[in-house]
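Letters A, B, C and D mark the chains as written, and numbering starts fresh at 1 in each.
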Amino acid sequence: MSVRVGILGATGAVGQRLIELLEPHPEFEIATLTASESSAGERYRDAAKWRIEASIPEDVAEMTVVATEPEAVGDDVDLLFSSLPSDVGAAVEPAFCEAGYVVSSNSSNARMAADVPLVIPEVNADHVDLLEVQRDERGWDGALVKNPNCSTITFVPTLAALAEYGLERVHVATLQAVSGAGYDGVSSMEIIDNVVPHIGSEEEKLETESRKLLGSFDGAELSHHDLEVGASCNRIPTIDGHLENVWIETTEGLSVEEARDAMRTYPSADLPSSPEQLIRVFDDPDRPQPRLDRTLGDGMAISVGGVRESTFGLQYNCLAHNTIRGAAGASVLNGELLLRNGYL
Amino acid sequence: MSVRVGILGATGAVGQRLIELLEPHPEFEIATLTASESSAGERYRDAAKWRIEASIPEDVAEMTVVATEPEAVGDDVDLLFSSLPSDVGAAVEPAFCEAGYVVSSNSSNARMAADVPLVIPEVNADHVDLLEVQRDERGWDGALVKNPNCSTITFVPTLAALAEYGLERVHVATLQAVSGAGYDGVSSMEIIDNVVPHIGSEEEKLETESRKLLGSFDGAELSHHDLEVGASCNRIPTIDGHLENVWIETTEGLSVEEARDAMRTYPSADLPSSPEQLIRVFDDPDRPQPRLDRTLGDGMAISVGGVRESTFGLQYNCLAHNTIRGAAGASVLNGELLLRNGYL
Amino acid sequence: MSVRVGILGATGAVGQRLIELLEPHPEFEIATLTASESSAGERYRDAAKWRIEASIPEDVAEMTVVATEPEAVGDDVDLLFSSLPSDVGAAVEPAFCEAGYVVSSNSSNARMAADVPLVIPEVNADHVDLLEVQRDERGWDGALVKNPNCSTITFVPTLAALAEYGLERVHVATLQAVSGAGYDGVSSMEIIDNVVPHIGSEEEKLETESRKLLGSFDGAELSHHDLEVGASCNRIPTIDGHLENVWIETTEGLSVEEARDAMRTYPSADLPSSPEQLIRVFDDPDRPQPRLDRTLGDGMAISVGGVRESTFGLQYNCLAHNTIRGAAGASVLNGELLLRNGYL
Amino acid sequence: MSVRVGILGATGAVGQRLIELLEPHPEFEIATLTASESSAGERYRDAAKWRIEASIPEDVAEMTVVATEPEAVGDDVDLLFSSLPSDVGAAVEPAFCEAGYVVSSNSSNARMAADVPLVIPEVNADHVDLLEVQRDERGWDGALVKNPNCSTITFVPTLAALAEYGLERVHVATLQAVSGAGYDGVSSMEIIDNVVPHIGSEEEKLETESRKLLGSFDGAELSHHDLEVGASCNRIPTIDGHLENVWIETTEGLSVEEARDAMRTYPSADLPSSPEQLIRVFDDPDRPQPRLDRTLGDGMAISVGGVRESTFGLQYNCLAHNTIRGAAGASVLNGELLLRNGYL
């Protein structure tokens, strides 16, 4: 029996990926699509400018879009996925939770709040139980779970795989695809034959979200990890796939082979959207590459390559599909975790 | 009275930039163009596939290309610029020096040799006098001066400007343009909508050349600087302009404002091709950008932006035009230094 | 003595090119910059996001932007260049003309109006005298001159050069750069690794404007040329430079050599911004190419190549810089013509 | 029971696509891979630089590559697919046919030979029986079938769908992806932010192959269609997918609706690789677009959009995936036709 789900902010880039992932999903069934007030009442086909490679599913295309408010969504939905702009999300997500909805959100608001679980199921599934604290404190029937920023998701699983060696210092430089900024986020004149070496607040997200994700939850409180992360973020002319250069310094000795093994064998989660092998490690130092490797594991795998000794500790590159593993797929995965853990 | 110069390897990407820079040069006059044996005897117009934005100068187009060997070049030249592939340069540059030619070379061979000056005139002009040692040791009438790799040139001037604060550790991630690999170096299928996160030997060049450039020469021997540099190199879909993300840790306290001032006021060299202001520092954190800023100072300036406090020391981005400041212009500048210092 | 000029809509893509061209202009001096109401009162530096390769001129950067209305512009200006969006231009350009201003406009409104001269000085300078009719009919002290659409300007000079052979049928397919749509006109997600084979109303502009430009003016009325033009327009991932594939059928016999000669020798105009040679004809069938040839003649030349016999008549490719020759430069050139012909 | 097949020239761009399509094929089984002499003896994994998005199939990766000659291929193969360079194919394909092999070839040699069937199964399946003539004339036990050039395949099915209206004149301008030139065919410096408006011999292929494909075969001789085709070809910065602008003039009246219906209802072939719907017709004039639509029908469908009245007859755009529908998939489809028609 499938769970009826809704998508808050269904017409944007991440919303379209959510539809692409949810339409064939074995456990979820799309029941509601919301958009801004101005699109409410339109067919989805007309409200959204569909721009991903896959065709728009016909039955979704014919659905009528409703406004992004609890009254419009109605009772008939068990789980909401949110890909709202951060400011909109900050305003309406709590209202949905208050009204009893469970929300798996990709929106960047509230990710660092002390009682909001920020979760990558393969990394810190146990953090989801912070929801008990959240419900206590906020008096919600609903619940709010967040997935991290796309650039955070790309490198944190590799750190998690190496955590036993004592994470101390991490430098990370990102080469991020344009889809991460939404359909109209980066104009062509800004980025063809160019780089924009600045993405507002992105570096802070990598630096703080990673510490929360790698932190420990004792059933009552969440402690952040004390590793230090320094990030530098760049927008480059690729469509999909964030590539990151990582330097890592650990307290314990860590050889190239140990690092490769730890990443290759790092367990995936037993959830429908989790890839069989979470981290794929390449031998070829040219890989991973965004165009060639972003769709590994249906876009849910992390790719790693160029693991090598560095002037400072170890060095490697990692890659993930930013709108699948880094956004829509991350929210779906959290929805699956909520279902398995009995929060729906 | 102008100095007659030749270009070894005149048909490639850097060779074409050398022509573009030398043709209107106030002190140098192009007298000879060499290429591989198979092109010898052809007009330059036919031997080279001209692919830069500027038109090929008509008089150069009509010159006859000769083979890359001392006999073919003849006596009538005072200075040679070399943009030969590294393996070819390794074989023939010493033969030219042996035969009495002074060679300013962009070819990567021999850059780290103990008696070969590796020079950026604005950074370490005094190293050129290592030529005395070179001539003594090798018994050459000629001389061999090298400029560093394009990615090294981009960030070393910024380090030189901050050297008084005690350089300790530098992490640098590069986003390099395709022209750095030559005209056929990167195929379009490799790089459109993609990144190649590996450039053979490039990281080692940044890590070692920077220490030689920032080292000190006591008149007899060159000591390398003891800062530690860790590099990560990427090829991205830009035509010209290498952008680099830099993290720097110093022994002395260094504020953002001090770093900006030190870079902005770092002196240029009094040479025809050196820009009035060597390092341009942007306020806008979005800048520098390759397409917008690579031609500052006729392609000979270094641009810096996003100077900010980091989890580890300071952080900033820098940019230079890789085939002008980073290659052809670097060799021309060294030629100007050789002329001023009496080596011609 | 220089003519004081203003720019209506100075912050957009064409407005920035106008500043780049007017700042060093021998006859014109920038006196006023206008923008939308919301930017009025700001320094130009703050009102505009400067995004072209050249640096923003310092004195222009410090000018205060005024609203786009006659009262705000004041008396102290002899000529206005308009790069307003078409709907805005349609509303305010007549108000400026009514108020006595002479306007050289790149805005697409009113181009086909019977009493508005649509002019490329090298092609139909005599049409400018249609202004007498315009002033009579509209009772204006001012005047309104238009330049054609960027894609029209690219191929019409080549047709003008061949007109003596009897133009009958022309097919033209365009490959247009993103800058033609303005800074935010084409998102990066729309165009990286892609083509958009449709540009609203663009085909109609090529088909109708070309006939007006090639028509004849008898001092009272303008007759359009009766050639038939069929256009197909595409947006592609280039920054600047529209390339067009042209097939032409003529009533008189026309050989490849005759066509090449006619284009090569087609006279330029004796105006400051007109290039010495208007049409540059390449021998190499690979040329012209946008990146290599768009800046010929400081961006004001037309390039032609691949002139060859076709299944239907002759065939060739042509190229022009769309925001210089095709927009800002076209307006400046018309301003120069207005000055020479005594309309200021 | 599956047919054992070999791939001549298995390491190139089309060879890799052949492997991608044949590996999961219901009727064919990859038994042999050939490459140039220098790669013979290597594992496929080492001989080929795998560069398509899909992963290299593990069992194929471990196969040993043999030389491209009948002795090396052996008896154990029923059908050969050839993606050899044209000059190599011209030399060795006849030798394979002579030796008794049936060859389905994408190589451009011999396509216009009077006794070589040039086939798109959905368009002219009956031409395959020209093989009887071929075997008679050449005394071969084997057979040679060709598929047309990628740019020809893109527009010919649309012409076939309209043939009943009397095809008279066709103008076609192509915007072709870089993969059509092979992995190293177009350098990144040639094509980033650029167009190359010339592809050697490509225009002639469109103009002549289309007439052969649309011609009629009476059992003894093939007559070419007498429509006139004029082509203009461009290489642009897209990875995959050729887009074409088409103008068509017919002897019979043809409305937009009739053209759309004729294309939409044009029958597909009853072969495993033929898409359910051969020609997909879009309402949105912005479509088809290479990045969004090239994979329709697993890359085997033709997309059409922008069907509209033109100054000259009708006008529309069409698109096909050039290395699937236009090359590897075209050869596989012809292999399927050969199997069904009893030629294996």
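In this text, a contact is a pair of C-beta atoms (placed from the backbone, for glycine too) under 8 Å apart; a residue touches a chain by one contact, two chains touch by 3 or more.
Quick caveat, the model's predicted, so the values are computed rather than measured.
S.K.: When you check each chain against subunit B and subunit C, which touch both of them?
M.R.: Touching subunit B and subunit C alike, sorted by label: A, D.
S.K.: Let me spell it out: compute each chain's centre from its C-alpha atoms, then which one is farthest from subunit A's centre?
M.R.: Max centre-to-centre separation from subunit A belongs to C.
S.K.: Could you tell me the distance, in whole angstrom, between the mean C-alpha positions of subunit C and subunit D?
M.R.: 42
S.K.: Can you give the whole-Å distance between the Cα centres of subunit B and subunit D?
M.R.: The answer is 47 Å.
S.K.: Which positions in subunit D touch two or more other chains at once?
M.R.: In subunit D, 51, 192-193, 237-239, 291-292 touch at least two other chains.
S.K.: Under the touch definition given earlier, write down the residues of subunit D that touch subunit A in their complex.
M.R.: 51-53, 55, 192-193, 239, 291-292, 295-296
S.K.: For the complex, which residues does subunit B have touching subunit A?
M.R.: Subunit B residues touching subunit A: 169, 171, 173, 175, 192-198, 207, 228-230, 232, 234, 236-239, 243, 245, 247, 285-292, 305-306, 310-312, 315, 317.
S.K.: Under the touch definition given earlier, write down the residues of subunit C that touch subunit A in their complex.
M.R.: Touch residues, subunit C against subunit A: 13, 51, 178-179, 183-193, 237-239.
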